Structure formats: structure tokens, C-alpha cells
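Here come two complexes built around chain A, the first alongside chain B, the second alongside chain C.
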Partner chain A sequence: MNQGFQAIKAQAGSLALVSPALLLLGILFFYPILLLFLTTLELENIGNYAQVVSSDTSMQVFFNTLRIAVIVTVVDLVLAYPLAVYISRLSPTAKTFAFFLVLIPLWTSQLVRTYAWMVLLGRNGPINNALVWLGIVDAPIRLANSEFAVIAGMTHILLPYMLLPIYNSVSKIDPSLFDAARGLGAGAFSTFTRVLMPLSIQGVLAGVSLVLVLSLGVFIMPALLGGGRVPVIALLIEQQAGSFLNWAMAGTLSAVLMVIVMITFFIIKLATRLFVRGRADAAFS
Partner chain B sequence: MPDFRNTSALKLENIRKTFGSVEALSSINLEVSAGEFLTILGPSGSGKTTLLRLIAGFVTPDSGSLTIFGEDMTMASAGKRQIGMVFQNYALFPHLTVLENVMFPLEMRKHSRREAAEKAAAALAAVHLDAFGDRYPKQISGGQQQRVALARAVVFEPKLLLLDEPFSALDRRLRESMQREVRQLQASLNLTTIFITHDQEEALFMSDRIAVIDGGTIQQLGTPNEIYYHPRSITVAEFIGDSNILEGTETPDGLRTRSGMLLRRASSSNSGRVLIRPEAIRISREPADGVAMNQFKGKIANRTFVGGFTIYQVDVHGGDTLTVRCLADEETMFDTHQEVHLSIREADCRPVPRDAKEPRG
Partner chain C sequence: MPHSVSIQKASGWLGNGLLRIFSWIVFLFLVSPLLVVVPISFSGGSYLRFPPESYSLRWYATYFGSETWIDATLLSILVGVVATVLSVAFGFLFALGITRGLRKWSGALEKLALAPMIVPSIVYSVSMYALFADLRLVGTWYGIALAHTVLCLPFVIIVLTAGLKEFDIDQETAAIGLGASRLVAIRRITIPQIRSSLFSAAFLAFITSFDELVVAMFLSGTFGTLPKKMFDNIRLQIDPTIAAVSVLEIAMVVIVMFVLLRMNKGKAGRLA
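Showing the complex of A and B:
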């Protein structure tokens, strides 16, 4: 009894501590979203849902957004996994330096980094100049204003969100486990599939869900690097709200995007359960 | 059955390894016979861990060669060497059950899952853990984890077994029973074993032979008896067991210590240094009888009671302070400041050769 009361009191105490943050989020974040969502449910707007779902154009944009998000996530995973393992084996000084390099882009404005990509990929940018100079192409090719540019930019910007959770799990693995695996006859591939991957799967899934969800909603990259050729849902929403002043439609599209994000989360959650099984408790507690 | 005792299981020739400008191992030569239990004994920083990692295949030497049962393995990868290893922290896979851990090396060798499970179960039975196959490493005790690590290291019938200070994390009672058990398992499998430790008692208890390593070189290689009673250098003498080491000048009668004691010895030597083990000194109220004895009078300066033994510090009149260890006996225990007689057999005053790099005098 008394203990239960103590627990409640403790909980109330922590609630008091987080309440300013909760209040801020509630007023500035949750309330506007709720308002927008309620607008979409008004009688004159509810038909928008049917319109979005039945329209080939908008469904194609949703599909395109998802496709780009999956590509970015996979590329980031392939880039970040070996990098995380590499960083985890560096000396403490080198590790600090490596993290510095990883975090600087995070601290730099997305807009600045996007403009940097525009310069890099431009007609007279360093990449085109190099290609021409090396004789790989005769004349500068179009790199910017393409899906390639959008994917390259997003991959770069979202890489730390993949790297950090994976690094976090990898660095917690006892390095002697890799020696043990090698000594017991496991090659590089078996060591990866039987030891490294199962022991870092939680970090991998966390990184995958972060990057996937963030890339579903990215706006700046497709807007500035896509040159209007890369339709994604965030652009469509902006167009509805900004150009057509059709807030209800923008709200409907947002709601559909949110449902897609939630389904994605749910699938990853399911995957986590499947991969980690009941073992997480035994292995990591 | 062929006699493996004469087969060379592991041979290291002129092994050298440097890390940057630090020489971790210089000119290591070592041969281990099949079925032998060899201990590499040394303090931390002596190079023993590097030597172990080099035998295991995690480190390659700068020069020299490493042969396992006649096959050159100097540059072979760890997995190719067929070596079972028990790590200091056991290195069990936390995401696999006890049984799956033991199955791991078999599965890597392409055994069928069923066959691997059967063999692993048999190996677990050999270390009395048949009932724990379904548990995860975190769910069993340290001693049990160690047995799992041992089962995993021997289940694939390796050519060598390497043990990296496996007992250091266990409490004393458990350690002793594990030491006995490992020794029995090793003997029953006739498995050539290389054991790394910094604990000299453990080394004396477990080994067929001991290689004392310090400063990246093997200081002495021999049976526990040889190492204990005939240390070849001051480093070995001080590292193994407790010792009284007395220095002085050689005279025709024996060694005259700097403090003036004369120590007669069974055999002559010119090393100018004598080792007397604390348990070789007899302590008594009256002068002891006997021939070929060194006799001294002294006063007890200090007494330490450690259960089975009593350790006395005795100030020899006109001489050094000697450490004496004798079986504890409540009746005849001596008190501090009591006058006593010490007697040391001449044969127990053992000369210690000087280390090569040590300056004379």
C-alpha cells in the first residue's frame, strides 16, 4: 500500500518536472496538428480523403516518396554500418575526431548543406569539371535538379541518424567476442551474420526507422535539388497550403502521410520482435 | 597408440614482435610436446598476453616461425589453426544459449545441426552442465560460464587448448575446484594445453612445465620443481614463491654476507648470491642438532599468523633479517622479541646466477 503510494508520488514528481516541456509541445505542436486534422474531418472536407486515395497522381507521389525514402535508408545503412564498426575500433583520440566530423554536418543548417550540394552538382561544379577533365564525359551533364541529386543530398544529411544508433550498439559489444568467433572458425561473413548483426540489430532497426521516417517528410532537398522533377509528398503538401491555400487538402495529405509513417513504425517494431525474439532480456539486461 | 609425448605440438622459433617502438617479444624459442600442460607465467606487461595472442593467431610475428604439429602456421589465420581458447572474460556469445554457444564452432565446421547439437550436449555433460543448455550466459554463474567456455573450446577437438587467465575472476574455493577439473579434463582428453597466468601458485599447481616470461623473453623453462628450487635468475627467484636473497662475497668456506653472516653451501659457486626459501629455515628454542647445517642466533622481530602457517621475521645477531615460514603450532609459537635459534641445511642455501644484463656487485 505504502509502497504503491510512494511510487505514485514519485511519478507525480517526475510529471511535475516534465510538465513545462509537455505544455510547450502541447500548445505549439500538438494543438495545431489536432486543429488541422479536425479541419480535414469537417463535412465539406471529408471527401478529400476519397479524392487523395483514388487519385493516381497523389498515390504516385506517395509511392515515389516511399521509394526514395527506402533507397536513402538502404544506402545510409550500407554506408553507416561499416563506418560504425570502424569508428568503434579507433583509439579514443581518433574516435573524438571522427565524431566531430560526423556531428559538424548535424550542426550546420540543412539549407546551407543543400546549397553546398547545388554548387557541387552544378553545371560548372567540381564534379562536372572533374568528369570532363578525366574525359569520362564530353560535356557537363545534368547532376543537379534530378532524383539523383535529391537522393545524394538526403543520404548525406540523414547519415548521422543512421550512424549514431548503430555505433551505440556496436560499441557495446565486447571486442573479444569477435576474437572468439574468429578463433572458433568463423570467417568474416559468419562473424557478421552470427555475432555482429544479432548483437547490433536493435541499433540498426533504430537507425532504419529514424532515417526512413525522416526521409518520408523531407522538404528542402526535393525542393532545391529536385528542380521540380522529383515529386514527393512534402512538396505536394506545401503546394496545397502555400500556393492553393487549400489547408484542408494539405491537412488530408499530412494525415495520410502520418498513417504511412505509423505503418512503417509498426512494421519495424514487428521486425524488432522477430529478430530480437525474447533474447533481448537475456542478452542485454 | 603412438606416444605423443615425443611429438612436438607447438614450436616457436626466434619469435619477435614489436608494437611501434616497443619490443613486446624478443627472440622467443619454445617447444611444447603433445599432451603437455605448459604454463606461461609472467607479471602484467611481461609480454605473455602478446605471446598468447600470437599463438592463437590474432597477432602475427615480425619475424620467426610458429609450427603446430609440424605444420607451419606463422601466418595462418586464427580459424585455420584449430585452437580452442578460453578467454579471460570467457567471451560467450550473449545472444546464444549455452548449447548454441557450444554448437558454434561445430556449425562453423559445417557439421549438421543435429550432429552439432549432440556433440555440444556431450561436451556440456563433460563439464556437468547438461541441464543448462537452454539458459543464456547472463543467467548462469561465473563458474558455470567458465565451464561453458571450456566446453566450447574443446568440443571441436582442437589441436591446442589456450587458457588466458581463466580463473582470475573466480573466488578462491571455486578457483581451486575449477583448476582441478580443468587439469582432469585436459589429461583425459590428452589435450596439449598452454595456460597463461600471473599467479605463481596456480602455475606450480597445474603445470607439467612452466615458462617464466618477463621483459618479452623467456627467463626460464622447466618443471615446477626446477623453477622453484633452481631459479636461474633473480627475476625468477623473486617471482616464484617467497625468498630470502642474501648477497655477499665468496670465501673458501662459503658466502660471507655484507652483514657478516657466513653461509656454507653444499656446492660451491661464485655468484655471490644465495637463495633461501622461508620454509627451509628451522626455528627452535635450543640449538638444533645435525651435520651440514648453518646455525644462527636471532630475535623475533615480527610474527604473522596466516592459518596453516606462521611467518616470522627474525633479526639474526650480527646479520640480516630473514623470513621464516613454519607450520603453525599453537604450543610452540614464538613471541615477538623472543631469542631463537635458526638452522639452515647447507643444501638449502642455493646459489642464484646473475642475470646477464645485471651489473656485477
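Showing the complex of A and C:
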């Protein structure tokens, strides 16, 4: 009886501890987003959905955003996976240094990093200078203000979000498993496909979902590195709200973007559930 | 079969060598864009040229001498400090709650609190603008600080929950058993031991707010935070003042990182 009372008291105490944050999130996060959704469903606004779906321009912008997000995610995965494996095998001191190199760009302002890419890809920037010096091109070419620039900048800015979850999984793998695999006659390739990959798939999927979701909503890089040539949803929303003062349309586009983000998120979650269970069992049986 | 073993060894070496070269190229890709900004910030000309033709401190002088740049910086510091204090306070209580009791619900609650991470900032900005327009909070600095508190909260909760899970809860129970109240036990036993997590959380919260552009752009009226000033500067009149600001920000991050590394006794992995 007393014990039960204690447990209830502890529960109530914990509930009191979490409630301020939940209240804050409720009022300043979930409520306004719900309100946005409900407003787009009102009678005078609901036609906006039809307008978005039937307009070639806005559909093209949605597909463009998705395409760029997928490219950035794939490139980041290809760059981050080997790097995560490499860092996990370093000595503690070297690991600290490696983390330093990863975290400094992560913690530096996105605007600073975007500006850095503008310098790097500029007409008189180091890359153009190198291309001219090497004789690959005769005169500086346009690298900034293009989709290439946006993808390069996004790949750079989102790379740590791919790397850290993958590192997290890879570093938990017992290194003796690799010796065991080698001892049992597995080559580098089958060690990768049958030991390393199945045991790190959870980190890979976490990284993929993070980078995919973040790159769907990205605003700064397309705005500054795209030079108006790279239409993405975030820019379209900002244009509707900021330039045309069409907040109803901005709301509808936001709602559609939110739905796309949530679908993406849940697909990957489902994949995680399928893969992680299936593959982990296969690896251990 | 010594022959096949030596082939395997050689291919292993080759693989490791390739992995090392590839990894250092990726490190270079991560860091080199930041290094490019440094010489630009010391350039003597007003043109964006790399490497600069002459060197000077004029862009630093421009930054420190410009009222609008300094005002924007001070505003961002104010917003950042308020958002940090609020999000660490709320986040600390939340992390305590889900690591003490509420076992069954803690996973679901944590996921709920991390939701702001996956909502695109543009969607959040449009939503908050509608809410704040009704409440007449658009164009106030504390409106931005409140919205930033929400965005900082997930980072604070991740760091502090990890810190509290590492902490041995029996020490707190022991202190309570010895007659301390729960509050005293948390203040004198728990908080000193998760101090480095608290500092990491506060730093992450501060840079999340200090760096945030989109929400600040929608919710600020005539005035602007530092990111908004930087955004306008890059868009309209790209002069090297922005490079000087960038170098100052990078220097801030590097210094804080060294401090945090020392506090975590060199375990950089814990900062991630």
C-alpha cells in the first residue's frame, strides 16, 4: 500500500517535472502548427490545395526539392560511411582531433558556411583559379548561382548529420567480429556486406532520415547559392508570404511540405523496423 | 597457402590506404570552406578576390564601427541568452522527469519533445507568424526568443538526457536516504556531476538561436538579428565585412570547443 503510494507520488513528481516543457511545446509549437493546418482547410482556403496540385510550376518545385534532397542524401551517405569507419578505428587522440574537424563546421553558423561556399565557387575564387591555372578552362566559369552550388553547399552543411549517427552504430561493433570474419575466410567485400553493413544499418537509416528531412526544408543555401535559378519549396513559401503577402497560399504550401516531410520520415521509420529486425537476426543466426 | 595470405594482406593494406586517403579528402571538404574565409576577411580591397591583393584590418574596423552591425549582434546575444536560459531550465526539468519514473512513457515523451527538429523552419515560421500576429508579438525581441526556445529545446533534451542516463541515480537516492530533500540532492549531488552536459547543452542552445535565420526573419519587424543582417548583406552588397563577422564567429566556436573538450576530459565523442 505504502509502496504503491510512493510509486504514484514519484510518478506525479516526474509528471510535474516534464509538464513545463510540454506546456511550452503545446502552446508555442503544436498549437500554431495545428492552427496552420486547420486554417488551410477553411472554406475560403481549401481551393488553394487544388491550385497547388494543378499548377505545373508548384509541382515542378516540389519535384525539384525532392530530387535535390535525394542527391544530397546519397552523396552524404557515400562520403560519410567510409569516414565513420575510418574514425572508429583511430586512436583516442586522433579520434578527438577528427571530431574537432567534424564539429567545428557543424557548430559554425550556416550563413558563414554558405558565404564560404560563395567565396569558394566565385568567379575569382580558389576553384576557378585552380581550373584556369591547370588549363582545364580558359576563363573562369560560373560555378556559384547554380544547382551545383546549392547541392555542394547542402552536402557540406548536412554531412555531420549523416556522419554522427553512422559513427555511433559503427563504433559499437565489436572489432573482433572482423577478425572472426577474416578467419572464417570472408574477403573485404563479404565482410562489408555481411558484417559491417547489417550491424550499422540502423545508424545509416537514422542519418538518411535526418539528412533527407533537413534538406527538404532547406532555405539559406538555395536562396544564396542558387541565385534565383534553383526553385525549392522553402523559397516558394517565403516568396508567397514575403513578396506577395499571400499568407493563405504560404500556409497551404507549408502544410503540403509538412505532409511530405512526415511521409518521408515514416517511410524510413518503417524501413528501419523491417531492416533492423530482419538483418540483425540474419547476422546472428 | 602463403601466397593467398600475402595477397589478402596486400589487399587489406591497399584498402586501408584508400580508406585513409578518402577520409582525409572528406575532412578537407569539411574544413577547407571555413579556411577560405580567413584571408578574405583580412583583404585590403573591397572586391571579393581570392587570394586578396593586399591585406588590412579595415573589414574588422567596419564591423566594430558600424552601429547596425553591433546592434544586430547585441540583439542576437540577448535573444540567444534568453532562449538558452529558458530552454536549459525547461529541458533540464524535462530530462529529470523522463529519467526518474515515467519509465513507460519516457520514450514517447522524448520523441514528442524532439518533434521541432523535423519540422522545417519555414513551416514553423509561417505558423508562428499567424499565432504571434494575433497575440501582437510580431516585431518583439522576446517573441523571437520564445520561438527560439522551442527550437533549442530538442538539443538541450538530447544532451541532458544522455548526461543523466550516464549519472548513477543511486547517489541521489542515497542522499535522500541520508535525509536530504530531493531538491537539495539534485542541486548538490546531481547537478555538479552533469555540469559538463549542462554546459554543452547551453552552448548548443545558444548557437542554435544565435545562428537561426528563418524564424527571426519572419518574426522581426524593422529591426534584425545578426543572421538577418548577414543574410541581407550577402544578398545585397557582398563586401568582406561578412567575412570578418564569419571569422569572429568561427573563432568563438573554436574557443568554446576547446573549453568543452577540457571539461569532458578530451572525450570529443561526448560532445556529439
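Following the convention adopted for this analysis, the second predicted complex is superposed on the first by the 264 of 285 C-alpha atoms of A that agree within 3 Å, B and C clash if a C-alpha of one lies under 4 Å from a C-alpha of the other, contacts with A are read in each partner's own complex, and residues count from 1 in each chain.
By definition in this document, contacts are C-beta pairs under 8 Å (C-beta built on N, C-alpha and C of every residue); 3 or more make two chains touch, one makes a residue touch a chain.
Keep in mind that what you see is a predicted model, and the values were worked out from it rather than measured.
K.L.:
Touching A:Ser190 in the superposition: chain B (first), chain C (second), both, neither?
P.N.:
First partner only, chain B.
K.L.:
Once the shared chain is lined up, is A:Ile68 touching chain B (first), chain C (second), both, or neither of them?
P.N.:
Neither chain B nor chain C is touched by A:Ile68.
K.L.:
In the three-chain superposition, say which chain, chain B or chain C, touches more residues of chain A.
P.N.:
C
K.L.:
For A:Leu199, using the defined touch cut-off, is the partner it touches chain B, chain C, both, or neither? Pick first, second, both or neither.
P.N.:
After superposing on A, A:Leu199 lies in contact with chain B but is clear of chain C.
K.L.:
Touch test for A:Ser176: chain B only (first), chain C only (second), both, or neither?
P.N.:
first
K.L.:
Quick one: classify A:Met249 as touching chain B (first), chain C (second), both or neither.
P.N.:
In the superposition, A:Met249 touches no partner, neither chain B nor chain C.
K.L.:
I'd like to know which partner A:Leu143 touches here: chain B for first, chain C for second, both or neither.
P.N.:
neither
K.L.:
Touching A:Gln11 in the superposition: chain B (first), chain C (second), both, neither?
P.N.:
second
K.L.:
Which chain A residues come up in both lists, the one for chain B and the one for chain C?
P.N.:
The answer is residues 182, 187 of chain A.
K.L.:
Write out the stretch or stretches of chain B touching chain A in their complex.
P.N.:
Interface residues on chain B, with respect to chain A: 56-58, 77-79, 81, 83-85, 87-89, 91-95, 104-105, 108-109, 136, 138-139, 152, 156.
K.L.:
Going by the contact rule set out above, which residues of chain A touch chain B in the complex?
P.N.:
174, 176-177, 179-187, 190, 194-195, 198-199, 279, 282-285
K.L.:
Per the contact definition, I'd like the list of chain A residues that touch chain C in the complex.
P.N.:
7, 10-11, 13-18, 20-22, 24-25, 28-33, 35-36, 39, 79-80, 82-83, 85-87, 92-93, 95-96, 98-105, 107-120, 122, 124-126, 129, 156, 159-160, 164, 167, 171, 182, 187-188, 213, 216-220, 223-224, 233-234, 237-238, 241, 247, 250-251, 254-255, 257-258, 261, 265
K.L.:
In the complex formed with chain A, which residues of chain C make contact?
P.N.:
It comes out as residues 8, 11-12, 15, 19-20, 22-23, 26-27, 29-34, 36-37, 40, 47-51, 90-91, 93-94, 96-98, 100-102, 109, 112-113, 115-116, 118-124, 126-131, 146-147, 149-150, 153, 157, 182, 207, 210-211, 213-214, 218, 227, 230-231, 234-235, 238, 242-243, 245-246, 249-250, 253-254, 257, 261, 266-269, 271-272.
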